[in-house]
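Listed after this line are the structures, all set down as structure tokens.
One chain, chain A, links the two complexes that follow: it is found with chain B in the first and with chain C in the second.
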Partner chain A sequence: MYKLFLRSLISVLFLLGLSINANAEFKVGFVYVGPTGDHGWTYQHHEGRNAVEALGIKTTYVESVPEGADAERVIRQLAQSGHDLIFTTSFGYMDPTNKVAKDFPNVKFEHATGYKREHSNVSTYSARFYEGRTLLGHMAGKMTKTNTIGYIASFPIPEVIRGINAMTLAAQKVNPDIKTKIVWVFTWYDPGKESEAAQALIDQGADIIMQHTDSTAPVQVAEKAGVWSFGQASDMQRFAPKSILTSIIDDWAPYYVERSIAARDGTWKQQDTWHGLKEGMVAMAPYNSAMGSDLIKEVEQLQKDLASGKAHSFTGPIYDQKGNILVAEGAVADDGMLAGMNVYVKGVEGDIPQ
Partner chain B sequence: MSFDLNFIGILIGAIMASSVPLILAASGELITERSGVLNLGVEGMMIIGAISGFALMVVTDNLFFAVVGSMLSGLILSFIFGLLTQSLLTNHVATGLALTIFGIGMSAMIGKNFVGIPGKEFPLLFLDLKESIPFLGPIFFGHSIILYFAFGLPFLTNYFLKKTKTGLIIRAVGDSPTSASNQGINVTLVRYSCILYGGAMCGLAGAYLSLIYTPQWIENMTGGRGWIALALVVFATWSPIKVLIGALIFGGITILQLHMQAVGLRIPVQLLSALPYIMTIIVLVVISRDSRKIKLNTPTSLGQIFYKEK
Partner chain C sequence: MEVQLIKIEKRNDVSRSIYFLTPVLAIFLTLFGGGIIFYILGFNPIEALKFFFITPISDLYGLSELLVKATPLCLIAIGLSFCFKSNNWNIGAEGQLIFGGIVGGGVALLFYNHDGFYVLPIIILSGAIGGMLFAMIPAILKTYFNTNEILVSLMLVYVAKLLLDYLVVGPWSNPEGFNFPETRQFSESARMPILFGGLRIHAGIFITLITVFLSWLILYKTYLGFQIKVSGLSLKTAKYAGYKGKTMIIIVFMISGACAGLAGVGEITGPIGQLHRNISPDYGFTAIIVAFLGRLNPVGIIFASLIVALTYLGAETAQIFLQVPKYTGQVFQGMILFFLLGSDYLLFFKIKFLGLKKNEL
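Right after this comes the complex of A and B.
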């Protein structure tokens, strides 16, 4: 009786294993740092996922995954449960992604905004958000009356610092007197904290609010206070119809579709992608007519020039806060320098948190 | 940085507004804990209150219903907790944690349809007085009715616990449920009531966030404030007035450190960010170092399961 039980148990387990192996349907997994309803960063990644799903490819997503130990657990879980391609969509997933990738050589990984590709099955991708920031800086420099731009920053990583610098350089170009005030909130997503930061900046004289965090709270505070603001990651116009001048939109959908198809068809290769206005990974929401048609025309021209390569966000001469030259006159910063940017340019107040 | 008096008044007003959810949730939890029940579900009840309040505001277009509804929903969630811990005698800590996880998940599910809808203007009282009186105006006027309620609540709670019979009964139940039961007090009923009251206050705290402070629904919008409220109760050694002081210090330093950053003070930002937590703990530890009083205020049976043998 006992042997019979054992034998049937083994055969059941065997069949179960077989059926799992046979279930080799192509699946794509997504790991999000915030909720899909943030109407910012994660929302846009989720839109990208929807585009993949629309192709008939099966997808799974896990939202609000904290950066750190939890992330590795979630990524590993996705890899174990038969996902063939996994997008990890926040900077803090960089090490966990590479760690899991080592153990699952047959699964492909795509990490957003990072720079580590330690294994041949890890690709990285990001968007040149700083090109959008250059446009915001131009508008901010022209629109400010107090010459003070308030900037809500999340974490001191190159991506965020690049945005601050690009914005400041562009604003200085049209208005040499501007000051950039920065508040670090050390979170990507905390509506309460973000709105307190926005309010503090406004109380300190900022009449332009810019954010590198993901919720719509700062633009709403700006709307209430009657100052200008810019949306982040997706079009936040309806949350602050009067205040928002434009939003930087991240459009991940074409990339996600392309990479999912490549992985399904077996043509996926490791690569490092950094697309901007030219490829459409960075797009601008409609410009607020309150800026006046002259300024809108200027910005649209600048947008075209950035896309065509005629203009560059980091054109020399660029100095750091102490006055040392970073980029020589006439030169532009190369991608290596941009990727590792960890100093403020002249005109930004305060120190980068170390 | 402009240091005129009116600016400081505005700053104090902002600090008061930011500490309201902490005061409400912590005052509610304080009553629950004084009856000997440890409900770690504060965050979950707050977030459910936030979504219910916002959803009702959108559906009924009536702020009164929204506020009452948010309290009811916090109450319903705490009733589940009561049912489990008081009638089915489950572990308080585990049940409370489950309640938080449930609340966050449930609110996200209900909230799917309410994302991206702008909130409604909540009426602020005495706006003209706020404008016309410098310094004191922005401190005392131009707030929502919930703020005035929140600032009265710790004093009411203090009076209630110390001077009323019901308050004494709650404390007796929290200190020694067995003795209280022997005196003929229905321990389970008292604890149920305290749990429900705590739930309603947490729901109101959530509604303050979604209706007044950041008038919109965003997933996870409580952002850990429930946990801070819980910690406040303990560090304030179960004294309502100290809860108020702690909440004000926490809210105050949170906002001041943002201002210090905006001014560009050369203090490490990480230290500034940690400052609200550090200062709140230090101040509360210092003002409550009288061990006799701590003993008097601490509910001895906190978190212990009580059942009456028949």
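Right after this comes the complex of A and C.
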């Protein structure tokens, strides 16, 4: 009887120990807005997660989480089920992330592209995609024959307007006659709308198509129409091998790895990260040899200069559409101005939807 | 070549108890089918089903979330049952939900930083009226211009979605929100009271329960309910009996729209707290499944909405704990409907085998 008691006591303790161990295991959670197979935004975050997993850190992801009432539950469940660090990878998760963070002070939260850090366990992070746009602008200005660049834009938020401006400024530098035509599609991912927009821009004389949306539809339309294009978020080269000059790649892996290790080792601190070419959060896919080796060399040099800080995407003089000066000659725009950018620079056609 | 001839015959007597038991049977078949799918995908079926259907509701938070998710589904489905019972195919509840949300949200923004007990009731009422008016469009077009209500109500969903997009991007966007497509967070006075601290279950559930009770009253205890039933069974009989068909069509659409509008306003004043582009993960369409799963019966719809809500929660939990693909939830919903319709068919019709015949072709 005594032995039996002892035996069961030991096994209970053993099981208890197991479950404590299971709870104590360091885990990282990811919340995605799209499916992992979107070949754009979510795909790249998933690649970042794979890099964390490769370190031997256990990760969990939940895909296609709507940015409505469901997001809070998913984030909370991840926090409740023993995840120590949670990446919420879309703007629409901003308020739910902060709400859950309040109730789980020991869990760390990382919210992509947002601006609210209401609690000390919430960090935000985003990438200086506009540096990549500067490179695209340089290539577009050199490659266009019609002097018309077609731009498929998602929402009139500062990030998107910054990209349009950075691209236009760089294109003007190499080709002063350049015009930027924009179609607003008001979606991040809608292959149908995106391809219609690409076609409309091509019909209006654009021979360069670029996109701030996530599907591969625009580059495929460009390939068919025989115009140049640029991929978005991931290397889209295989969807339009002739047309794509390069792609701007969001490389979240180094950041996710760094933050996961920091959280595991207890050195994680709240921060607002805005990384670019220098840190590798923005990277460029291989350049299309159709550009010619001279242009490729120029772009590679510009890429180095942007990374080292020798060049800046927003170097004055910069004028708005009416000709008012925004950034004085010789100065560069500071991060505060970039973060709140809500006017077009000279050379962009049309008005920002309000 | 010989072929088997079959004949499909209508059964004359279908017992009531079996009629209400088939949804339960459909659920069991779905569990069984789901287990097989999990097995093929390489998961332990018992464990997967446990994470899918038991883990999500094994604590208070989970139960509260189940009700949060089921509340809009139940409300919309109750409204739809009025339409479907009377042979009016309102497919656009999603649009009515969004339009109700727009009107309610607009009023909430109007009362921004405004305290007072009357704020929330006004918002709720205006949301219901918004949904009601939006549902009257297909109803009036059907009754006076002979249009097809399925098409009109469905197309109006896109109208409502685009209108919401326009408003949150443009005139109603948060002035401090860097142009992100969302409005301000509503003031406290415009939010549904939370019932228990720490949980998200809110007073909207009472609106749903009251609506269920009223629907039962109307459907089973009033002359209007009788008219609705007769029109559903036979339009010719209804006409012969002298019922005013047009008025009834408009009334059922109004009820249905008001319910969807209430669901919309419940979402934005409840768990969401603002207007943005994603106020509904297609509740209006899912509610069609709920309505039929619940046999268009108010009590049945309560159970159906809980079960369908559970498939959503389960899909999330199974993904978190087992990394089961998210879309299994939709597969489950599809299977429930498939098995329900399948067993219905066998319930109402019998298949007779007439033996082998020579094929003359």
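Please note the rule applied: the second predicted complex is superposed on the first by the 331 of 354 C-alpha atoms of A that agree within 3 Å, B and C clash if a C-alpha of one lies under 4 Å from a C-alpha of the other, contacts with A are read in each partner's own complex, and residues count from 1 in each chain.
The rule we apply is simple: a contact is a pair of C-beta atoms (placed from the backbone, for glycine too) under 8 Å apart; a residue touches a chain by one contact, two chains touch by 3 or more.
Because the structure is predicted, anything quoted here is derived from the model rather than measured.
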item: Superposition on chain A - do chain B and chain C clash or fit; value: clash
item: Chain B versus chain C as contact partner of A:289, first or second or both or neither; value: neither
item: Touching partner for A:186 - first (chain B), second (chain C), both, neither; value: both
item: Touched partner set for A:267, first chain B, second chain C, both or neither; value: neither
item: Touched partner set for A:354, first chain B, second chain C, both or neither; value: both
item: First (chain B), second (chain C), both or neither touched by A:64; value: both
item: Touched partner set for A:106, first chain B, second chain C, both or neither; value: neither
item: Which of chain B and chain C A:239 touches, first, second, both or neither; value: first
item: 79-87, 115-123, 133-141 or 205-213: stretch of chain B that collides with chain C; value: 79-87
item: Intersection of chain A interface sets (partners chain B, chain C); value: 35, 64, 186, 353-354
item: Contact footprint of chain C on chain A as seen in their complex; value: 29, 35, 60-70, 72-74, 76-78, 80-81, 91-92, 95, 103, 115, 155-158, 186, 339-340, 342, 353-354
item: Complex contacts: residues of chain A adjacent to chain B; value: 34-35, 37-39, 64, 150, 181-187, 189-193, 195-197, 199-201, 203-206, 215-217, 220, 238-239, 349-351, 353-354
item: Sites on chain C touched by chain A in the complex; value: 61, 65, 68, 165, 169-170, 178-182, 185, 198, 200, 267, 270-274, 276-281, 312-313, 316-317, 319-321, 323, 326-327
item: Touching residues (chain side chain B, partner chain A) in the complex; value: 1-2, 7, 10-11, 14, 18, 108, 111-112, 115-116, 118, 209, 213-216, 218-225, 254-255, 258-259, 261-264, 266, 268-270, 273
